[in-house]
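Here's a structure for you.
Note that the chains are named A, B and C in the order they appear, and that numbering of residues resets to 1 at the start of each chain.
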Amino acid sequence: MIEIKEVEEPRRVPILGSVEGMFTVFKHLFGKPVTVQYPEKPSVLPDRFRFRIYLSTDDCVGCTLCEQVCPNLTITMVPLEKENQRNKRKIYPSVNFGTCTVCRNCEEICPTDAIYLKEVFETARTRNNFFYSPEDLEKHEAEVKR
Amino acid sequence: MVEQGNLKNRLIELNMGPQHPSTHGVLRLKLTLDGETVKKVEPIIGYLHRNAEKICELDFYCDALIYFDRMDYVAAMNMEAGYLEAAEKLLGIEPPERVVWIRTIMAELSRIASHLVWAGAYGLDLGMLTPFFYVFEQREKILDLFTEISGSRQETNYMSIGGVYQDFNDKIVYLIREFLDQFPKKLEEVFNLFVKNDIFISRTKGIGILEPDVALQYGVTGPMLRASGVPYDVRKAQPYLAYDRVNFEVPISKRKDNYARVLVRFEEMRQSAKIIKQALDKLPDGPYFNPKAKKSLMVRLRGEGDFYARTESPKGEFGVYLVGDGTVKPYRVHVRSPAFKNLSVLPALAKDVLIADLVAISGTLDLVFGEVDR
Amino acid sequence: MNLLLRIATILSFLGHYPSYILGYLIETIIVIIFATVVIAGMVYIFRKYMARVQMRIGPNRVGKFGIMQVMADGLKLIQKESIMPKGRDDLAYKLAPILIFFGLIMGFIFIPYGPLAWFGDLTVSHSDVSLIIIFALIAIMPIGEILSGISSNNKYAVIGTLRGIAKDISFEVPMMLSILAIVMAASAKVSNPLDINGVVVAQSIPFAILEPLGFFVFIISMAARASYSPFDMGESDSELVTGNTTEYSGLRFGFFYLGLFGTIFLGSMMISTIYLGGYLGPFTNYMGFIWLLIKTLILVIISLTIWLSMPRVRIDKFINFGWKYLLPIAFVNLVIVGFLVLGGIA
């Protein structure tokens, strides 16, 4: 059974309707602008907003699950000499932020929660500097060389 | 060719697009003009082709979601729901009851967002500058809600196989209710700006008449078809998610012209708001993902057989055909994109009209090129 | 005492004739500067008004409240490369923007600005036929539009120009008929009804009240002349990119842009001069100019509101409207005014 509603044509008065529209537009002159003056007034981000990938190399076990689940080869495993008992193969994820779509699959699949995302989003940089080595992923955004 | 003495009347060819202010992205229309009259329209597509179907076949079932997000990028949630409708049947994973309701709410919010973009863009097509910003204020509120719920604004990747990314909480329910409280008033304001304006009426009434049998021949679906008087809506014809458990009406119109499509789309937004309200009331408690599709098992899901699922996206009937061969990756992904089918009716619809009407007609098709070209 | 006499008195050490000639030149330059400043201000007002109506902030980076934004944009346009399309008609292509700007600026010279405190009467040029001259000067602008469209070797531009011509023809006849009614009404009171100043003086009752039909026709005509939103079929950005200015860039485009906003201001000024009593109002001798500005500004705001809230009229419907409604209305108006003049009411 499909409930059908035949859409009625709204009633209108010729010419007066247009004037009413003009008045509606004019009324908004006294409203408050919705623009956020971003760099001066930082916008309030919701709790769940995520952008920048972080890595804790102490927890990483080098299972390559994040590399597998990454949809567009953003994450690649690179060798890194580091004292870590659990990471026998000594490989850690590196991230190319130029292609990251922030799908958060890597965060969800990580068995040890070594890879995680934070709300930092001011990661603008020049074209060839989007590549983050595992050490870069551990640092704060301000400390990473641009 | 008409010859009058030495004066020759000759047809000119004009390329509208792919870089043109009214073509909503990268549509290229090859027009044959006789003065101002359009004699022939030939849409040329493919400028945004990203091979999404093939890329989906190269990756795990869970990874295809981000490519579906980018198909109809103004209504990402509907695309995700459409894909999961097929993928979950194929993989044999039932989503819990709470997830079904959450997905219904998100899909309807997304439908409102998509129709709002259409309304603003249609205003711009006809030369109305201001309603665009009024609808985008509302859309921005929905996108803020999406950020609150899923963590991303537009390409959300919120739904996952057998569940959703994160659960609803009281704050989110409150925020959605708050949005719905102020939404109808603002919607009526924009609606009145459109339909009470004499010039708008003269630009839409009686223009671009699409007969129902022509529409059915071309495979037109969604608001386009309903505006021609055919009450076909997948949400009613083959209910998915929780649509069989909420009350809503399918808006149709017998006018068949541009004006009918405007009315039907605005009515659909009102119905969507109604659906969300009911769904929020009925939202059950429970887990927000199926343990069979636990996060660590994401890359181990195997499916065999083939499945076709159809859902009602804001543009029309969105179909996903999945073939699994028992491995962790789909063997074949095929998408029936409604905007592509709706675009194919344009040459029949815009015959012997003025250029101004061609723009007014192609505006009502609600084209999103991520979806047409895939 | 008017502005010309003031300047001539200051320059009187040069002798009688040189001081008058120099004074006249200086006054003309002042008006041209006034026109440019007013158009720049008009662009600023438009952008700020449009932004606030659309719940945005508008320009606010360059200078306090973004006042210098127009200057910055102008500088940007000047230093941009002016792209020359292949296959253009060179002379016409380069002449078109100049014609547009020339017609606009010359229109400002014959407007009766009225007296302002110490400066006296600000009107630059007096002529017995200034009402006709001003419309002749404004009629230069469509020539610029036509030249720009047919010379730039672009299909969009040609279609835009054809629409523009069709539009111009269909509203200019009713417009001139409504002006004829004005002249008739003014001739009952003053001896120089073709002088635009005489028209102002004749308005002890504003002509807008006396002949509302003519007022309506003239407002529509001025909106169509400026070609903003309901009547911008020539430019129609969603159909023909930007119509006749499609190929223009840099300073040449800037001239067209100024032409658009200047015409809105000039049109509002003419409506307030011809129909709303111009500089007449309380304390005319001290602040006549202020009254003119206030009336103009209100009309400008109304024009901008129409621009922002109306969709575009289809060209054939506008031509229909022009010939089937505006023209008969203008004729009816003419007859009514004739009876009013006969009856001695006006």
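Here is the rule we use: contacts are C-beta pairs under 8 Å (C-beta built on N, C-alpha and C of every residue); 3 or more make two chains touch, one makes a residue touch a chain.
Keep in mind it's a predicted model, so treat the numbers as computed, not measured.
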| item | value |
| --- | --- |
| Middle chain, criterion being Cα centroid separation | B |
| Identity of the chain that, by mean CA position, is farthest from subunit B | C |
| Chain pair with the most C-beta contacts | A-B |
| Where subunit A and subunit C are represented by their mean Cα positions, the distance between them in whole Å | 50 |
| Between subunit B and subunit C, centroid-to-centroid distance (C-alpha), Å | 45 |
| Inter-centroid spacing, subunit B versus subunit A (mean Cα positions, whole Å) | 23 |
| Where subunit B touches two or more other chains at once, by residue number | 130, 134, 137, 193, 197, 199 |
| Per-residue multi-chain contacts in subunit C, two or more chains | 53-56, 308-310 |
| Interface hub residues of subunit A, defined as touching at least two other chains | 18, 21, 24-25, 28, 34 |
| Of subunit B, residues touching subunit C in the complex | 12, 14, 20-22, 33, 35-36, 123-130, 132-134, 137, 193, 197, 199-200, 202-203, 354-359 |
| Residue ranges of subunit C touching subunit B (in the complex, touch as defined) | 50, 53-56, 155-156, 159, 162-163, 229-230, 232-233, 236-241, 307-317 |
| Complex contact set, residues of subunit C against subunit A | 49, 51-57, 305-306, 308-310 |
| Residues on subunit A engaged by subunit C in the complex (per definition of touch) | 18, 21-22, 24-26, 28-29, 31-35, 37 |
| Subunit B contact footprint on subunit A (complex, rising order) | 2-7, 9-10, 12, 14-15, 17-18, 20-21, 24-25, 28, 34, 45-50, 65, 68-72, 101-105, 108-109, 111 |
